[in-house]
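Below: a set of structures, written as structure tokens.
The following pair of complexes shares a single chain, subunit A, combined with subunit B in the former and subunit C in the latter.
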Partner chain A sequence: MSATTLAGRYLYYPGCSLKGTGRAYETSLLAVFRALGVELLELDDWNCCGATAYMSVDEVKAFALSGRNLALAERQGLPDEARGEQVDLIAPCSACYLVLNKTQAYMRYYPQIGQRVSQALQTAGLRYKGSVRIRHPLDVLVNDVGLDEIALKVKTPLKGLKVAPYYGCQIVRPFATFDDRHNPVTMDRLLGAVGAEVVDYPLKTSCCGGSLTGNLPKVGVTLVHALLDEARKRGADVIATVCPLCQFNLDAFQERAGGRRTNDHHAPTASQQLPVVYFTQLLGLALGIPARELGLQANIVPAEPALAKRGVL
Partner chain B sequence: MSTPTSVKYQAQLDQEFAHWITGVVGGERLRQCIQCGQCSALCPLSAFMDHTPRQVMHLAREGFKHEALQSNAIWLCASCYGCAVECPKQIMITDVMYALKQRALREKVYPRHFSIPVLARAFFEMVRANGRITESWLVIRVFFKTNVLKIFGMSRLGLNLMRTGRFRLRMESIRGRHEVRALLDAVEAATDEGRRTRAPGNTSSSHVAGHSPGREAEAGKGAAVV
Partner chain C sequence: MRDEGRSTADDGTTSHLHSVRIGVYVCHCGTNIAGKVNVRAVAEYAGSLPGVVVSRDYKYMCADPGQELIKKDIRELGLNRVVVASCSPHLHEETFRRAVAEAGVNPYLVQMVSIREQVSWVTVDPDVATAKAMDLVRAGIKRVTLHEELEPVRYPVKPGVLVVGGGIAGIYAALTLANGGDHVYLVEREPSIGGHMAMFDKTFPTLDCSACILTPKMTAVKGEPNITLLTYSEVVEVGGYIGNFKVKVRRKPRYIIEDKCVGCYECIEACVYKEAKVSNEFDLGLGKRKPIYVPFPQAIPAVPVIDDETCIWFKSGKCPRGCIKACGDRDAIDLDQKAEILELEVGAIILATGFQTFDPRRLPLYGYGSYPNVYTALEVERLVNASGPTNGEIVMRDGARPKSVGIIHCIGSRDEKTNRWCSRVCCMYSLKLAHLVKERTQAEVFNFYIDMRTPGKGFEEFYDKLLEEGVHLIRGKVGEVTDVARIPEEEGKLVLTVEDTLLGMVRRIPVDMVILAVGLEPRHDAHAVSQLFNIGCSNAGWFTERHPKLAPVSTMSGGIFLAGACQGPKDIPDTVAQAGAAAAEALTFLSHPYIDAEPNTAYIDPALCSGCHICPGLCPYSAIHVDEQEKVAVLSGALCQGCGVCVAACPSGAAQQYLFRDEQLYAEIEGVLA
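Coming up: the complex of A and B.
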């Protein structure tokens, strides 16, 4: 374990969505880590990870963009290399988490990519030696902070709240090392530890459609519909997500997805609305943080009724 | 009499293209594809594709350049990496899809008002200019470049986002914009240099080890868990 980890301090890479449509994720994440006594230090002057768009234009440019973030993290984290230290960089957005991990993996695996990225960094006056480790907040909460420690700080157990744990695609596939790629359970365990009833959700790693909801709504909304429908069938009160794009798609396109008819279902009534919240918002409520400080008011499908029904609010 | 056919004689296939795609990052094992169809079976978007992922892999490696680059499959791929993880031959199918998107953009063979490639370009340019993405402006730009009237179809969504404070118009920007530009320009210059010095078709220079980078992460599983 690196010294940065031992000291309870982590570098934090928010990514563009957490400053935009996914602001509630950042708000709740920071509130939860503060309540647990873990310090998150925002990476200074970070740039966009490039997401899927840069890979579609030029993958080496995408790796170079992430290379800058890695180089900045190394500079800011000041690892003591003589002691083999690493800098832990927390990336909560699934796209950022995947791209940063992919950059590290490909720079190591393909020498010519490593070389080209290093050369490009040099041109910009930067250098990356390879001491950064990309961490997901779920990974840090469960493996560093620990479920026992978190359970001790619970003020309002989420008793009786039925949660469908939705991981989406890009956090466990294909570069994550902290959980299983077919049946991840980290979020299940975390939410279970704070009292929630985690329902079996077989679509937990299915794709939300990404940017297709906006580009080809007919296609994207079909995927959103399937995810919502399955969670309803499983009796979930809320869906918990780890990704700003998943949250956006399931929340903002729910109205349109509800209008779709399948063979055995009619359009859901308002009472069948299914709130989609960040796992950090649920964790925050359990830790006794007020709803307003967790950004719950930013939901388009309001979460308060479902939470109040189970006595969590 | 019109006699359309999807079958081609070998001489009509593009060997340069076939050679290129089997040398791109992630596509090194494309020739080993056994056409099992696992990728198509688990792809959540197969149902909407003109050619399924299995078909795209085969078309590309055999040199059906036109069919592969014009397929809507490459733009429907949402990069969920399901296929890449399950492929029994460890082909990074997602990367092959990316390579096909890149080539289609380079050769300008994508539907002009189709918003997915337009989004990719607009995204690329915004990061180059500001270092970050401001989602609201990105969406507005894409609407203007594709079908501005669609904005009205989205007005309800826009209102919802404004009501909940999620539609912000302040443009995000970083101090190190010049660094980002220098980086991207350096990659561009090196790529141009590479294209000039390499013989056409001889683009395959990838180092190939026993496992794909994705599988290496799996092999190292547990190492990152403290």
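Coming up: the complex of A and C.
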């Protein structure tokens, strides 16, 4: 753990999703870190990361928004301006993770953008020196906490549970900071370490449809369908995700995905529905945290039957 | 030993300054310099500086009339120093030294000022360029004022050449040298010579059998009395200097005495392993071998090798040792053999250490290592080869023949994420493999290329032939190899997603087998090897030639030459041509009884030396010792190589170096800054 001034604690940037549609992600994430004895400190006064609309309309405005978050993190994490130190900021939502990383990179490599963002920050009395490391919870769990440490704390191994590990597109592309951009394996290793059977899932970084499920449903839902179909074909009991939007798309459009299949032989029945859960929910179950405290009840496609079938619930 | 024939009568002190008569010559180099620098103004400015008797500008100083200009001024104006402001000294320092020598002035009283490479080619603004040229010329004038007369250092040249690497480059260079009458030590790391070429089945574009053209050369090496073949050996130390290299070679224990072995291979038959169980490196793991083996049937030397990591005798000491019994009276097996160090003395060295192919695991999107039916092109070369693991049958790992094959070009080439260069051979070998696969399996073959590069003799014609054979050539870079099927036709296949840039659409093409045309890259230890031999090396690891056009097989280290792909990707014809050139250069080099080198050796002023003992330990050539009686360091000019380490380390300024004396350098710096 590099942020010595935080004495082994991590700053935590939830972003809007983890307080809204992705509440189950936050609930389970906080429960898991608590169970592992790692303290997360929520960033004071955080704001929107600048993803989606902002980024496509005006990049610099988006960078300014994330720049503020980074500046706040630096101030909160390094109160006495410790030299050469770094602050670790955990960003669980893939969109936040990407935008924060992009802001960091653009401020560093494009001086003109860096200057404009700095000017914007200055008007709010802020300044960003570049000492924040944006971390994904997968990265922290596997590379800081460690698989051995986590395995020691497992109470209910996820034995026999077949999981399709789904990373989505954003956490390894284009900033492959902790894993390979084409074939990431961090979640595979993590879930394997707590006893799950990780199925080979070649679509692990393919697109979930993003916001296309809303504004261009024909395309978005086709992408959702391809992901679900392949996971089913590979024998997965559940899909594990790291992203609120991926979780929502895969969970909410299952019926339509089935219904819209062009080579439709049969509409999906309840038994063919595939629960889509956060990796933190599975990890929580393995650590013996009750399902209610992991937000499992919030799924549209209920996960409980599949989990119960394998005896992990 | 070096001769110490050097005069230092002119010691460079200021007392003789009145006698200094400098001529300054500013070259236009056509428009190379004059297009940016106001050469007339530079010459006029130089003429105003102390000591300068004459200054001129001229269109081509290196041309005969240019040189004549200098000689004439020396004769008529009594010049005793010359500054030439032109190109880098790498190019024409020799020319102008010779010219002044011909006019009777010591050649070391010339100073070159580079106003082309360091000024006109790299400066945008003409005024800035002119001012900078003036600064540098002023520095040259100040420096040359303090130059002294020197004599070149003369080294005798030892006979014999070390050739490192026994691929086709090393083989060809060694045979050429041996034919020319020189003795060659050919050192190869693997148990047999042959290199990559021995792994191929056919060669492009002629489709002649690789072994058929290579093995006569390999056999010739074995039969050539002028070649000492050292396989299973590596160079571990290189000492000495130009024309006088001292090299240490480590011979790994083969456990079989080469002189006694008759190559009957009965020991291999008799091995306690009845079946070959160890992965054969030569077949890239596709085939198996025993712990006692020859890597391939035509191996040279035709002597087996025992791999002590898998041999039961070495692992447990419990083995009936059938090999020894089978060898019988021939008594060629020695299980107690140890590695030995061989010391060689040679005059020249040729490096022919070759390349390695790109490891496609670095690009997981192509599925190598996760899908069993994704192969590298080199693996397929072994499959196609009659002596390979499938006896030349193109079958996949499950034994089935592919009905459709996709060959992806540029894997690890022309790619900013891996290697940026074009590997030069992949388009052609991919076409060759397409032809062979189609001929032997009747499979549907798809080649996916970015650009088709066929710039060799008979190459484009070969490409035309392939088009007629009905190979599908798709212009586009494959984005993914996956086993995720979208339609029933894709089930059980590997699907290649590609943007067909001629069609302007994204296509999904299902195939049974994928071949990755992996690029060529420097060997993993190329940087270490370049340091061992003290030669230049690009960041990527390709060895650097002395000049890309006009000294393509020489290195910046005299007496060391390059051949083959260690210098950059190249095909067999180019490799052989370069190997011949390297051998010719080495023969020329060795044909002189001695060479004249720069008299840039160090010397120690005993009056200033405090005997601190710092320099003797630093000298890489053991040229310095401390006279304990006088308490001063003593330097042997015969051993000094002019590296300058002692000069830099000396705390009292006692160690100095000819052509780089402190006052000469300070004068130059003062000149730049004045």
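Just so we're on the same page, the second predicted complex is superposed on the first by the 300 of 313 C-alpha atoms of A that agree within 3 Å, B and C clash if a C-alpha of one lies under 4 Å from a C-alpha of the other, contacts with A are read in each partner's own complex, and residues count from 1 in each chain.
We adopt the following convention: a residue touches a chain if its C-beta (ideal position, glycine included) is under 8 Å from a C-beta of that chain, and two chains touch if they have at least 3 such contacts.
Here the structure is a predicted model, which means the values were calculated and not measured.
Asker: After superposition on the shared chain, which partner residues are touched by A:Pro14: those of subunit B (first), subunit C (second), both, or neither?
Answerer: Touch partners of A:Pro14: none, neither subunit B nor subunit C.
Asker: Looking at the overlay, does A:Gly284 come into contact with subunit B only (first), subunit C only (second), both, or neither?
Answerer: The answer is neither, since A:Gly284 touches no partner chain.
Asker: Under the stated touch criterion, which partner chain does A:Gln170 make contact with: subunit B (first), subunit C (second), both, or neither?
Answerer: Only subunit B; A:Gln170 stays clear of subunit C.
Asker: Thinking of the overlay built on chain A, is A:Gly77 touched by subunit B (first), by subunit C (second), by both, or by neither?
Answerer: In the superposition, A:Gly77 contacts neither subunit B nor subunit C.
Asker: Please work out whether A:Pro92 is in contact with subunit B alone, subunit C alone, both, or neither, and reply first, second, both or neither.
Answerer: In the superposition, A:Pro92 contacts neither subunit B nor subunit C.
Asker: In the superposed model, does subunit B or subunit C contact more residues of subunit A?
Answerer: Between subunit B and subunit C, B touches the greater number of residues in subunit A.
Asker: Examine A:Asn101 and indicate which partner it touches, taking first as subunit B and second as subunit C; both and neither are also allowed.
Answerer: The answer is first: A:Asn101 touches subunit B but not subunit C.
Asker: Just to be sure I read the superposition right, which of the two partners does A:Pro202 touch: subunit B = first, subunit C = second, or both, or neither?
Answerer: second
Asker: Considering only the contact definition stated at the top, list the common interface residues of subunit A for subunit B and subunit C.
Answerer: Common to the two interfaces on subunit A: nothing.
Asker: Any idea which subunit A residues touch subunit B in the complex?
Answerer: Against subunit B, subunit A makes touches at 1, 5, 16-17, 19-21, 23, 45-48, 50-61, 64-65, 67-68, 98, 101-102, 105-106, 108-113, 116, 119-121, 123-126, 133, 135, 139, 143-144, 169-170, 173-178, 181, 206-207, 209-212, 214-216, 219, 223, 252-253, 255, 297-300.
Asker: Please give the residue numbers of subunit C that touch subunit A in the complex, ascending.
Answerer: Subunit C residues touching subunit A: 363-365, 370, 482-484, 486-487.
Asker: Where on subunit A is subunit C touching in the complex?
Answerer: So the residues of subunit A touching subunit C come out as 180, 182-183, 200, 202-203, 226, 230, 263.
Asker: Which positions of subunit B touch subunit A when the two form their complex?
Answerer: 25, 44-45, 48, 76, 78-82, 84-85, 95, 98-99, 101-102, 105, 114-117, 119-121, 123-124, 127, 131-136, 139, 142, 154, 156-157, 160-161, 164-168, 172, 174-176, 179-180, 182-188, 190-191, 205-207, 209, 213-214, 216-218, 220-226
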